[in-house]
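Written out below as structure tokens is the structure these notes cover.
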Amino acid sequence: MNSVSILGGSGYGGGELLRLLLAHPCVEVQQVTSRSHLGEYVYQVHPNLRKRTQLKFSDPSALEPVDILFLAQPHGQAQRHIEEYTGVAQKIIDLSADFRLRESALYQKWYGEQHAAPEWLNKFVYGLPELHRAEMATASYISGVGCNATASNLALLPLVKADLLDSSSPIFIEIKVGSSESGAEGNAGSHHAERANVIRTFSAFGHRHTAEVIQELGLSEVSLTMTAVDLVRGVLATAHAKVKQGVTTKDLWKAYRAVANENPFLRVVKEQRGIYRVPEPKILAGTNYADLGFELDDSNGHVVAMCAIDNLMKGASGSAVQCMNLMMGWEETTGLEFMGLHPI
Amino acid sequence: MNSVSILGGSGYGGGELLRLLLAHPCVEVQQVTSRSHLGEYVYQVHPNLRKRTQLKFSDPSALEPVDILFLAQPHGQAQRHIEEYTGVAQKIIDLSADFRLRESALYQKWYGEQHAAPEWLNKFVYGLPELHRAEMATASYISGVGCNATASNLALLPLVKADLLDSSSPIFIEIKVGSSESGAEGNAGSHHAERANVIRTFSAFGHRHTAEVIQELGLSEVSLTMTAVDLVRGVLATAHAKVKQGVTTKDLWKAYRAVANENPFLRVVKEQRGIYRVPEPKILAGTNYADLGFELDDSNGHVVAMCAIDNLMKGASGSAVQCMNLMMGWEETTGLEFMGLHPI
Amino acid sequence: MNSVSILGGSGYGGGELLRLLLAHPCVEVQQVTSRSHLGEYVYQVHPNLRKRTQLKFSDPSALEPVDILFLAQPHGQAQRHIEEYTGVAQKIIDLSADFRLRESALYQKWYGEQHAAPEWLNKFVYGLPELHRAEMATASYISGVGCNATASNLALLPLVKADLLDSSSPIFIEIKVGSSESGAEGNAGSHHAERANVIRTFSAFGHRHTAEVIQELGLSEVSLTMTAVDLVRGVLATAHAKVKQGVTTKDLWKAYRAVANENPFLRVVKEQRGIYRVPEPKILAGTNYADLGFELDDSNGHVVAMCAIDNLMKGASGSAVQCMNLMMGWEETTGLEFMGLHPI
Amino acid sequence: MNSVSILGGSGYGGGELLRLLLAHPCVEVQQVTSRSHLGEYVYQVHPNLRKRTQLKFSDPSALEPVDILFLAQPHGQAQRHIEEYTGVAQKIIDLSADFRLRESALYQKWYGEQHAAPEWLNKFVYGLPELHRAEMATASYISGVGCNATASNLALLPLVKADLLDSSSPIFIEIKVGSSESGAEGNAGSHHAERANVIRTFSAFGHRHTAEVIQELGLSEVSLTMTAVDLVRGVLATAHAKVKQGVTTKDLWKAYRAVANENPFLRVVKEQRGIYRVPEPKILAGTNYADLGFELDDSNGHVVAMCAIDNLMKGASGSAVQCMNLMMGWEETTGLEFMGLHPI
């Protein structure tokens, strides 16, 4: 058994992580911290954990040494205290945005401020196993992933790996998201009466997760357009791009199947019958799957590449646990076996 | 044309009132106040009013004289300033809870504090036209109604008027409500991620609106049990009671039809076919209707009496406009003709 | 008073039309037909009409002469019986897809079958007042509009009218829609348990409404990608295009304002504060508004043009009534004054 | 490893059962039958199972011998073929209503028809472990449970066991349910456009599950009032009853805690802070928990007893697996460890 702690456990990402770690056969949760809920039972904040743990939120300033430390704080915290945290654990997985980007200039461009610990940027591996599995085996520090970046990166991964994209065409990624993306704190627009029934394009360009798509896929002209819809968990990224001349649906099938075969949590969904013919986040709640799909317009090379995930799982805490498994040399899918529900 | 102003126009009740008054053929809106949104266009807060009015929120401390003044402030304000308001307008309709109860003792019991202007309690007519239509014709001051009280009162009105209830049996009223009931400010539980998909019984007993049911129907043992469900607008009150021995379904039909015939906004819904066989708030959004229904278990006298309304309309601003019409001698339904949408 | 009848009144489009016509000050509804609901009260199918009309569904084969006949049948019916219908009324508005396209070849391409009455195609005016207002004044026959086509056409209209688009770039239109789009009959995927919480891209390309965008805006490479989300009424079209070099946000403002000023139901929504900063169908339920918005990425000319409508109103029956008003020489907004609800 | 088959696996109950059995460490699924989906991959109907099983639906008339047979057919089938099924397996768990009642007269009263195999009624144990755990250890045949009956029975169980109820007062149980209760086939009212946003009291009295409450708790005057709300999975039963004179909140705490301590899937939820203070089905999706709560009005003995469950889990397939565990002598919670999600 390895000891793990979660720094910042009262948010949605931290709660989801805690749920996964409590059920994980190789670890034991030692501390979960929260300043605002200090001393409360964790199940009072995360009611799904009732009768499953008697843990209480502990003080973030009193971290005890552990084997693995997860950082689930608001952005900006980890980069300010990373030296301190490395004294607590030899293995760190940071779910925040602080160590996702490798270049401080890219960080500054998208986050609008200087990075507080640029010398640490290269010590972290970007936390998407589908792109960095090998490096993780020897890593000590792994970053989290942006949920929208993950849906985008995985939607396009087969096309990029098989080099099928026409690089002269821009890529427009349309992303629809649920309300858990705004975090447990929410904002004025999160009030159910304002947020229910919405189709709200809250960001046409400039979403910070774009930086992770640029960095990880090496794409130049790519935009993420974000639309909130009435759902709690889930992201669907729909990328519009052009394939190279001559590329056929058969080529696409080959590229997608190859990627799905190499990665336990990737599935290709492209059915001719039934209700669920395309990737849909609805049935992924609680799972670590990323469902991929595509459609090609032969007449003009327009490809629609889709990826559905649960933003709190594959888009955050699920990937983090998957990273832990790889970093620790455990079976990649350990603790992530939940199949998801239908209907839901 | 009569001039009207709304004191406190940035909440849901105030916004709905403004929508109704802007379209009302007999009035002209002079001022809508808001301290927090002072100077903003009202359509920036109530986006449905865009291109319909160029009104801006004005300062509540600079009220100008008008024919009719609507008070749509948080509870507790009106009772503190009522003297001042009567200097602004000769006719006042207060949507808050401040002047709904006739006895200060009842107010103190249910609101947990002394009333600030008990001498004014008897100057107000309770704002439910179905119970006080005649008095309204000569009234100067009319109170609002609690939305849950209204659904409860109208559900039971036919039974009470026809004297069909067994007074020795308690009455349990189960009320299901949408998220707009919590007001524009909301609370921790209003976050979409926490409020979507709920069936949350947030109050088993003791809801303040109970006092209005006790007062208006003269019932002694009555309880309101409140459950939040996933809907923005709407209330369904389902009252469980016992009828006097010998009362039949035919008697109930007679009682309900009589009430529906006397009141333009009451309808009996009790169909044998189709999808909409019982009262449902879903199709009442934006309308002033109260749909009534009932079911009798002949074997034991258990009657289930139902009433569906839009909490912001018949449960608040719609009834207030209906009261204004009666107070001013206008056609009762003026400005309240919207039929509602299907599907929605 | 002019007499009107609706042929095919039990579907969602027919029901919405009936609601509008019952409240319209210049017309009297004579017949509403339905084969499957023959003899039933219309309010048994359209429950919002209870206590508002005692009309019953009549036999479609027993149409009486009227001034204006609305056709609200399934696609394919109108083209087979148009000669007969012109004997019933001198003015016809057909909500189906049968007479939307001017060229039979275009019809055949997108609908996969020969048109049954190609000689009638040029006798109809395409039913979007914002594009054909002048022609409608003298028209006898007006077609309906596809709801998705309408959202797309209006999203791009300012850009096309002001000639700001780079014609060498493809236009990708991402459309999110509610469940009323699938019609009152629905399909396997319409079951609430399968349809709730969805983000389901049911059509990547090839939606039939594309033909109306091609025809009306003269665009060549344009695609509509359709995604179902959890909402009953509403469409948001988000068009991704490139503007000509040098086009600025100021140019776009000018183009959008010009179009909004010329058209009573178009509004530009582009706010810097508040919850509702962009076009959203949520607040348009029951209204005839089309809310337009845009965002320009200066660095690469990528424009995101948005249009939100209620698919049953501006996308179908509302536009049809607007067309009637223009065809009859009445005020364009008559009977379409509903402001919409907030919150909802 | 024990072999299990599911007869009738294309519905929601069958699908949920299959999900549980595929992950259960002690069994291997041999056959899942479906007449209408014969030959299809099970994941085409239950999309959550993609990449988790390559099983195809097999012919129900070609059942092979297994250790345990689950019947998940429409009501009425099992009673007609029970002799045949006992030839297939020595252990049978029937999820339908066919063998839930012990007396054929009770069956006839509530189901309106004679039972086809009354001699088998006493061979089945009623499938609620919280009431029949001991009998299950030696049982060969176990029935399913009605989901609404289960929520009702568990809400009242602590009160009945501790003998706290005033037996002279009627018990009114208000039940709110999600759309998965109507089954995968659905009905006219299941169309998302008609079913979304509903508060629809579809049955005031006479729901068939009432019979199971009468039988299992020995209550005489009890009614179930059923209301559909906008949710896919979940039931909340809220029972209104009177306690015996002198019963206090302390007595209730004792009674509820005792029951929760004896049963691994029962939890008492009664918090003074946080968002989740009462039982709510929202956070139970996919879990086998039944969350219990209560509130007592000291002034009149009115108790509100609540139970929230996932209708497809504790209300059907989860309880069935729990029964299997007990019947086979396995740990009661095996395969039912999922904690549920928050937020969702």
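Note that the chains are named A, B, C and D in the order they appear, and that numbering of residues resets to 1 at the start of each chain.
In this section, contacts are C-beta pairs under 8 Å (C-beta built on N, C-alpha and C of every residue); 3 or more make two chains touch, one makes a residue touch a chain.
Predicted model only: the values in this text are computed from it and were never measured.
In terms of C-beta pairs in contact, the better-connected of the chain pairs A-B and B-C is B-C.
Among the remaining chains, the Cα-based centre furthest from that of subunit C is the centre of D.
Subunit A and subunit C have CA centres that are 38 Å apart. If you average the Cα atoms of subunit A and of subunit B, the two centres end up 45 Å apart.
Centre-to-centre spacing of subunit B and subunit C amounts to 35 Å, using the average Cα coordinate of each chain.
In subunit C, the positions touching at least two other chains are 12, 179-180, 184, 193, 197, 230, 232, 275, 280, 343-344.
Against subunit A, the residues of subunit C that register as touching in their complex are 170, 172, 174, 176, 188-189, 193-194, 197-202, 204-205, 221, 223, 225, 227, 229-232, 234, 236, 238, 240, 242, 275, 277-282, 293, 295, 297, 300, 302, 304, 306, 308, 343-344. If you check the complex, the residues on subunit D that touch subunit C are 12, 178-180, 182, 184, 186, 190-193, 195-197, 230, 232. Taken together, the subunit D residues at the contact with subunit A in this complex read 12, 15-16, 19, 22-23, 40, 44-52, 179-180, 184, 232-233, 267, 269, 271, 273-276, 280, 283, 285-287, 289, 291, 337-344.
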